[in-house]
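Presented sequentially are two complexes of chain A, the first with chain B as partner and the second with chain C.
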Partner chain A sequence: MLRRKRWLFAILAILPTLALFAWLRMYPIFETLRLSLHKWDILSKNKPFIGLANFKELLGDRLFHEALLNTTIIAFGVLIITIPTAMVLAAMIHYRTRSRLSGFYETAIFLPHVVSLVPAAMAWKWIFDARLGPLNAVLTALGFEPQAWLFDPTLSVISVIVLCSWQALGYAVLIYLVGFKSLPVSLFEAAKLDGASGPQSFWFLSIPMLKPITLYVSVVTLVSGFNVYAQAFVLASDAQGAPGRQVRVLVLDMLENSFRNYRVGYAASEAVVLLLIVLVLTLVQFSLLRERGRA
Partner chain B sequence: MACVSKLSRHPLPGSHRRALLGSALGLAAIALAPAVSAQEIRVWSGYPELAPFYEHVAEGMKAQYPDLSVKVEAIALREHEKRLALGLTSGEAAEVIELGTSTATRYLENGLFNEAPAEVTAFVQDPANFNEFFRDSASYEGTVYGLPLFRGQSALYYNTEMFEAAGLTEPPAAMADYTKYAEALTKRDANGTPTVSGWSMRLSGGGQGIAEKFWINMFQYGESLVEQDANGMWKADFANEQGRAALKQYLENVHTLKTVTIEMPADAEAFEREQTAMFIRESWVIGDIAAKAPDLPYATATLPRGSIVAPVSLWISGEGAEAEAAWAFAQAANEPDNLLWLLDNVGWLPNRSDLDYSAILEAKPALAAFVDYPDSYEFFSLPNIGPVEEILTRTAARLTEAFANPALATDDAAIDAVLVATQDEINGLLEREGLLAQ
Partner chain C sequence: MSSTRSTQSGQSRRLRRLLVDRGIDLVLLVFSLLMLLPLVFLVSNGFKTPQEMLAWPPTIIPANPTIDNFAAVLQDTPLLRWIFNSILFAVLSTLAILATSSIAGYVLAKFRYTSLNVIFALVLATAIVPFEVYMIPLYFQAQSLGILNSIWGLLLGYLVMSFGIFLIRQNVIHSIPDELLEAARIDGAGELWIFFRIVLPLLRGALGALGVLAFFQAWTAFAWPMIVATNREAYTIEVGLALFQTGFTVDLGRLSAASALVLIPSITLFVILRRNFVEGVASTGLKE
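Presenting the complex of A and B:
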């Protein structure tokens, strides 16, 4: 009887949270799935069911393909830059905690994560400016040719990757720092006694033992990488146009289809594709890192 | 009152009771007064520079509507379009909505704007007030829904000092001359890199503006992005000599002659800072120059063949007293004094016919290119069809790609291939919506 009461109490306690989660998270997902099978212009009361026609159209839509390719490159680019850099930076901060500046290092690296996204992107827009930007000034001083960072098709994608990585790094370092603090000191002492150098301990002990942290950070980084929007928008937007090449990413394409082209059903089908990609990649990451972790 | 008696240990005498009731009613009346008499309407605009105009109109209504409060919310056009899509469908939109006809058509098809009351209909349909083009731009299936307000119309802006320094005495008369002028006007550093562009063209950035600007240029060669047939259907058919001339002109200027580069400062801002010698834009730039670069030596000229006209009207949503006040506001905005204030202070061209611009033209001769044009001057406007935004956005994406490709500049066959692909994509969109002409 007491057990049943406790169980009931637990259910009642968790119910408001579950209800909120269902309303704010699950319902929009199911509604998006439903909309993806309909033709809807957001204004009309009619939403005719069109089956998989939206998905069929996506297969031949070059702007969607461009957005998908750009988003994938950006997401993996950010992942490839963020994970190793964050791990190395966290290790350096963790093993140099005796430095008086360790607090400053942590803050300096974490700060970009809490800085509001739009002003940060505006600052990077200035850094990447082809004529007045400090990046080209440095390149010129070093004898290199200045580059049209925000206009060249390849460089503009790289610029978005740099901006996203800069923002993602702080959070990843913070999580890795927590991971480093939880590693057993005895193992490192034993390795040291066996003659292992610092880099060897890092490579053969820290990295394998940090796999759960790496799994978490990589999933979060990859998911947020696939959701990139504001960075691409701000880097190429301006009140009077002609500021930079628009790097088409999935979220931007969805917004354009929803509110400029009035094709909400079609945009929903893009959202479903994005959801599937993120789900599959997350499952792959889980299986890869968990399997290796067990081995 | 019965309740008060019951709660009172010592029942109040009748006079006291009446006094208390009177006070309570008086207080209630004071508390409710603002809710009953004060009235607020909101104005949603997609042009931030128009906020002072709407505030000026509201100020002028104070004598007749002392309790009317007008809240002007003017934001960038693309964001404005997004809030409309969400606001009108959820019933949260402003009462007065400013919107171009090409986009408003979707909302009219779905009955999201109010039909104009009889006196507004009579005002709009009076040929003395508006010509047929603007009457149609505020109507749907023969019924008036909006009040025509202003229009976007393009002309050439050129820096007179730079023209003089380059030995150019007249603005270019033919579209092909624009390239020659651009070449003569471009300033370069010792390495030959352009520092001041001869002709600022819309080459990059997000949105449909790139396609609109391309259409304006192509129109000067005699071609359009889409054209309507006798049955009211539409077709893109610009993969021809005229289309090639328009696209090739961009490519020649960017890649062959380098009179402008993709990363150079562009548009009105560059013109105001004397970083470009000429560019094509709407009349609002005159107001912008007056505010930001009042000493800029410049003049305007009509385009070789004609211009785009993008009519913008005020539409009303909501019901009851708010809707009535909103119509009153839209009518006030169309008062001659207010429209002249709009032209003089903001620079957008009023749509109303019976206005005397002479005093403003004398003070601002640059406006002449927008109101005094040759009889043969032609106009075109964006089609009032559902997929117009998608057509322009997708065309803009193709053009951006083409502008960035130097290999196209000297390869006519490759230019034609780009035009065919763009044209086919537009026709595919028209076919999808059942609008493609045979």
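Presenting the complex of A and C:
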């Protein structure tokens, strides 16, 4: 009797949340998969099943290729900048934990991660501005040519990478700090007694022992890199969305196909590609972790 | 003899250590200031006259501070309305996420039935899927409910958070012993009473961390508000600013002023809630 009552409570208590999950997460995910296999245009009356035709079309879609390439470059660019920098910074902050300034370091490095994206991007828009920006002024002072950072296709991708790294760094440093705190102190003391220098312990002890954390932060950074949208929108969409000048990224291409070209099924197939990328990254993370666990 | 040598080497070691400490402090200090510099300039640019914006080198403290930019922005755009929308959206989303996560996290932690394990697996599975993947179908759901361009439309995407459920579940497992709940049951307490009077108070720290995370997640949301709110009055501050900056020949002074108006409250809030926030974010890394 009491058992039954407890079971009833559990089910009733979880039901509202479960219903919301089913309605707002599982159903739309399923819909994305379903739409990707249909010719589902807003304007047309018939929305027939077309199998993998959307995906086949993606293979030959120049804009999609550009978006996929840019997004991949951005995601890996952010990764390459963020991970080593974050690791070194976290090591230094951890080393100076007792310093009065350690709270300031943490806050200063973490702040870009939490401030609203668009206003922060506005600061960078000014920095990169070809005429007014301090970056070009510094370059000119050093004797280099000023560059059109936000208009040149290559340079604007670099600008997006810089902005994204500035924002992603704080999160990575924070997670690494948690990692450093969990490392066994005795091991480092033993290494010190054996004459290891600080950089040596960092290289031969910390880095290998923090591998699971590095793996985790890398996957999180890559996944959020593949979902980049706002940064590219703000930095590289001057002149009212003149398409030639934008840094085309996956989410932007997807939204354009859906809301400008009204090709929802086609946009859904792009979403599925994004999902597959994320799934592969997550699987790689898990399998690498498991391998480590066995070794 | 040997003792003087060892104190000497001890002294030089101490000196070296002091130098290393100061060196690292210097690197960290310079790096921290560089990280903050874009934000500092943004706020300061908001107070500059158009002439001073062009000056080189850029000044950190404006020579002739002016509030013209702020006045112009407030006149040109419904900025306060956007800020209000963002705050309302973030607060309601936080409340919804706290409510759904706390009850679901508790049930999934303390009631062991096979059906619940299946539910937990489903929650975890959806957590991997980025929001961007399913936001287009979700948009059509909002459309068919007729809640586009409203706070309810914004909320639709932000009522639940898989990570929230996960976080609360972990906390309940680690900080609330079964014996405590059993004792309350033996004393005749009802399940609801136990949840509200015993479990929730013990989860205060975790709920604080989750609340701050949820608030900032909604406050900085971009893609979803961008497609749901298409009417100027319904914009959140992120969308409003992003479209404002494409709207006319960009005047950086005004843009900076508008951005500063948004940044200052959110930075203040962050500094106040920093502990909660750091706790919440740090716990995202511990799920293994």
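To be clear about the criterion, the second predicted complex is superposed on the first by the 251 of 295 C-alpha atoms of A that agree within 3 Å, B and C clash if a C-alpha of one lies under 4 Å from a C-alpha of the other, contacts with A are read in each partner's own complex, and residues count from 1 in each chain.
As a convention for this text, a residue touches a chain if its C-beta (ideal position, glycine included) is under 8 Å from a C-beta of that chain, and two chains touch if they have at least 3 such contacts.
Computed from a predicted structure; not experimentally measured.
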{"item": "Touching partner for A:F151 - first (chain B), second (chain C), both, neither", "value": "first"}
{"item": "First (chain B), second (chain C), both or neither touched by A:Q246", "value": "first"}
{"item": "First, second, both or neither for A:F233, with chain B first and chain C second", "value": "both"}
{"item": "First (chain B), second (chain C), both or neither touched by A:L69", "value": "neither"}
{"item": "Partner contacting more residues of chain A (chain B vs chain C)", "value": "C"}
{"item": "Partner chain(s) touched by A:L43 [first = chain B, second = chain C, both, neither]", "value": "first"}
{"item": "Partner chain in contact with A:M209 - chain B first, chain C second, else both or neither", "value": "neither"}
{"item": "Which of chain B and chain C A:R96 touches, first, second, both or neither", "value": "second"}
{"item": "Contacts of A:A130 with chain B and chain C, given as first, second, both or neither", "value": "first"}
{"item": "Touched partner set for A:F259, first chain B, second chain C, both or neither", "value": "both"}
{"item": "Chain A residues contacted in one complex by chain B, in the other by chain C", "value": "233, 237-241, 255, 258-259"}
{"item": "Residues on chain A engaged by chain B in the complex (per definition of touch)", "value": "41-45, 63, 66, 130-131, 148, 150-153, 233, 236-246, 248, 255-256, 258-263"}
{"item": "Complex contacts: residues of chain B adjacent to chain A", "value": "76, 78, 81-82, 85-86, 88-89, 106-107, 109-110, 112, 200, 202-210, 262-269, 386-387, 389-390, 393-394, 397, 400, 404"}
{"item": "In the complex with chain C, residue positions of chain A that touch it", "value": "5-7, 9-11, 13-14, 16-18, 20-21, 23-29, 31-32, 35, 89, 92-93, 95-96, 99, 101, 104-112, 114-120, 122-127, 129, 132, 134, 137, 166, 169-171, 174-175, 177-179, 198, 212-213, 216-217, 223, 226-227, 229-230, 233-234, 237-241, 251, 254-255, 258-259, 264, 267-268, 271-272, 274-275, 278-279, 282, 289"}
{"item": "Chain A partner contacts - residues on chain C that touch it in the complex", "value": "20-21, 24-25, 27-29, 31-33, 35-36, 38-39, 41-42, 45, 53-54, 56-58, 100-101, 103-104, 106-108, 111, 113, 115-116, 119, 122-123, 126, 128-138, 140-141, 156-157, 159-160, 162, 165, 191-192, 195, 216, 219-220, 222-223, 226-227, 237-238, 241-242, 245-247, 250, 252, 255-256, 258-260, 262-263, 266-267, 270-271, 274, 277-278, 281-282, 284-286, 288"}
